[in-house]
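Before anything else, here is the set of structures, which you'll find just below.
There are two complexes below, and they share chain A, which is joined by chain B in the first and by chain C in the second.
Presenting the complex of A and B:
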């Protein structure tokens, strides 16, 4: 059980700075997810915590102990690798027992612990197999098992589900959640998949280009993204961004852009008045765009006419890729509705969930 | 024109492509082998004539102390050079697999013996071993030790040859092993490091098992090469050398019987003996590999 504290961690390869001023405290027993696009430095940060990569500057604490110069084996961590890194010449049992054996745990204790962990991960049948005789999902569970038997105070996982198919990934996701609830151990989990991040994390760190963009709970990231990057990264399908102008008319403020005219809430109107610039970026999630015809909305509420270009039926929802003015937008409609390509759909924006970003620094102007 | 189905055509092309190799093997390997086998049951009567004498050559071999001594020499040469040579190759490969400065240069240096002309190599070693003017003896004498007659003393000659053999095999085996080492994914070592395995443990628990297929290949080919040792003896030990009896290998004895004494039939019998020994040793290794070689797919 331990808190993990990163103080102004920096990582550079020569002149190439990969991680910049990473400052974060991960609470004891917390499930923390690092998410961000490929190459943003997630793995590098995790590997610095594991001790597999040197820290260029800054301080790393696990518990109260400064860990910068402590070797990986003495950090009381366990790591699950993306490719699992199961020792190919050892059986599942030997793989799981290896770490305990290295720590000179008595044989009978090793046996008990491995069997317990194997039972909890449905691996008992497979203990005598070699990794090559396992399916992807089974290997993944062995990799988890190998980490679990060690009873570390911090679990590190680097994209552990990325080699699995979509369905298995869903199953393993709940499995990992359950594991966290049962073990009550600090977990740090790296992924580039925002769904995994949203469903697993107590809190999420959104990274871009080696810089922390925002650290918050999944819902707060979704509702109050601090900038355009976070807004676009969290949520699926991604938020639509529309260049807009703030227009004030006799105390009534609205946003106007190519092909649309959006009313805003009273709160937002107050804040928009204070924004110095007139040009902003309006952010609307696909879920917050509705069909005015279905809502029987008032004419005044209609923001614009979408021209349907592609219809993606997902069952419960239907995604409409539309042209609004000259720009592309995506809207998520209830699955029951029928739409045809070329159809004009009058659109209503949910005025309570609109986001406005600065055009010059992409910061959320409503925070 | 023959009408061939698509599939037959593919096979035809396949056979055509392997034909040169197969024909080469048949003419250059299989035919001489069968011929030797036949010869070993005959007695040469000169002018290319021979008549069948059954097992007489083999009976003669059983009672020929030269054959037994050559067999012992060959086995000693093979055992010592393979054990030490493969061990050194592995050590050098592991060292060169680290991130050390100038490892490209070291790699080249270790590989040089493989591409050097054997005659030139033998000349240099003969000078190094020379009893009066050689480097080794100069070194010995400079620290007050007596000179050693490396290549003429029956106690040292075979080992002097073994050293040259090891020196010339390390480079080649090292390159093979190094390629094997570089195939091992780094994440295994990282996982082991987190699991708490130190460098020695990592070597035995990860490096060795994962390189075992390459190591197996290296051991098998080195043993076969060792059993066939000839050139270093031929080039470094003169026919009248007092240590000849204790250095000559089976292949050297075959050469001596066939080409110096002109007894092709007896030479062929010696080759057949070597062939059987090689087959038995290789077969035993193939059996034993299950115990220590880990194939990954």
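Presenting the complex of A and C:
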């Protein structure tokens, strides 16, 4: 049983408030991801849970125990650091055994546990090596192994994959997923990479400037972002934001802006009528912009003409950087289609997946 | 390319010869007769080998005591300076306490004051402790080293903080972090400090001369100096005494050559 509960946690260095009113319950066995831009306070929050930073105010519970003043070693947690923090003077075996040794676990038990963990992480051959003689991926696995042998009730990981190359990162990501399924332990994982967050997390906390923006499952964050920040942060490439005006009356509502004219779904129309302001921000994901020519769409559905400026062919998809009116937008098209710079592309928006945000406080007006 | 190679070699050979000539001269002179040793022009090889120079000088002075005193002094100074410098350096590098930076500044200042200024207060301390003419007197000024504190602090600063945090999560307390993680990682710094301490203790003449005046309590350096007084003109015996005095250091150097060179050349760069 290890639920982690943060109650109104705050962290300040002098007058500089880094984490504001962080209120969150992480369920037992949950894989929780903290994601946000650099400097938003992810690491600081994780380190407060680990006990490496003092909590300025608020309460931290692990299980049912108040942990604010409990020393890190008694919190029953293990942490994987970004740069692995392996002891350079110890072999892989000693690195993994160290935490158990310090807790006076009998030698034969240590040996068994280390060998088990090593086998599951394909480290058996490397047990006698020093960290210096390992590749980046191997070091990463040793760092995981060191945490695993401790059998903590909570795993903390601070950007554990950010020092690996793209391919290895993909492999390790699935390995971490598998590890979580096997161990069934609460995990808190910090990253600034939204792909990692989406693929790993049971739930994701999106942070900005030390404030929780939204806590939800990956799909809910993607489909129903609570504000412009979350909408822009989750999903790759990022959502397009276009200033728009609500035009028309009940039954015949649409959004109009520089170079486009967007029909909306029936549901959205109902809600738009109730929005006080006329000026809003329309959010369209690149995946929800289609080529009217390919869709054989009705003329009435065309939202505007995109002028292709850059074509990025990724294989399965092609990213079109276009000008729509005076604005830059990105659209993701199927890979088979050929586009040329300067080409005019008639565009259709997927009306079921449009988002509308307040220009005033950037809130999602459709929630 | 080839020519440059030769030039470097010539410069190095010249340097080596310059360093070796005094040693050669010491060895050769120690085997000459008194007359030959002052002959002009000097001879490069002894006409007759006077091995008795060695037995004479050995019998005239308590060399066994000199050795014991020297090695005792070096041993305890190394233990003391490495231990105290490392603990102080760790505190200055990693602990947060009021006045830390000012205190460290004071430590640095002591490095800039000529050592001779400390002779009188140090003598006072030893005298009041009633420890004049003892091994303790020889060891005392070398127990702590400002230089060592500075050197090891640099080493500790170079060790990533995450290692310490990992150790905290692994269950170490402060002392265990220091002992099991920081010290092993600063090993090359400790070795360098040990070597510097040994060298300095070996060469230290002024302090032993002042504090230990009875022959049986002297280290080699001041013991030999007394030889100079007794045999001011007997160069062969003086040189024989010098050979007896330096050979242990030469042997030690040959044994620890690798660490020695690493310690002096690689300070600070290994971590």
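The rule is short, and it goes like this: the second predicted complex is superposed on the first by the 363 of 367 C-alpha atoms of A that agree within 3 Å, B and C clash if a C-alpha of one lies under 4 Å from a C-alpha of the other, contacts with A are read in each partner's own complex, and residues count from 1 in each chain.
Everything that follows uses one rule, which is that contacts are C-beta pairs under 8 Å (C-beta built on N, C-alpha and C of every residue); 3 or more make two chains touch, one makes a residue touch a chain.
The structure displayed is predicted, hence computed values, not measured ones.
After superposition on chain A, the partners chain B and chain C collide with one another.
In the superposition on chain A, contact of A:299 is made with neither chain B nor chain C.
Legend: residue contacts after superposition of the two complexes on their common chain; A:132 is shown touching chain B, with no touch to chain C. Of the two partner chains placed by the overlay, chain B and chain C both lie in contact with A:88. When the two complexes are overlaid on their common chain A, residue A:98 makes contact with chain B and with chain C alike. In the superposition on chain A, A:167 makes contact with neither chain B nor chain C. Of the two partner chains, both chain B and chain C are touched by A:78.
When the two complexes are laid over each other on chain A, chain A has residues 50-52, 72-73, 77-79, 81, 83, 85, 87-89, 98-99, 102-103 in contact with both chain B and chain C. Those residues of chain A lying in contact with chain C across their complex are 50-52, 72-73, 77-79, 81-83, 85-89, 98-99, 102-103, 146. Remark: chain A residues 50-52, 71-73, 77-79, 81, 83, 85, 87-89, 98-99, 102-103, 132, 150 touch chain B in the complex. The touching residues of chain B, counted against chain A in their complex, run 185, 187-188, 190-197, 201, 205-206, 209-210, 294, 296-297. The part of chain C that touches chain A in the complex is made up of residues 160, 162-163, 165-172, 176, 181, 184-185, 187.
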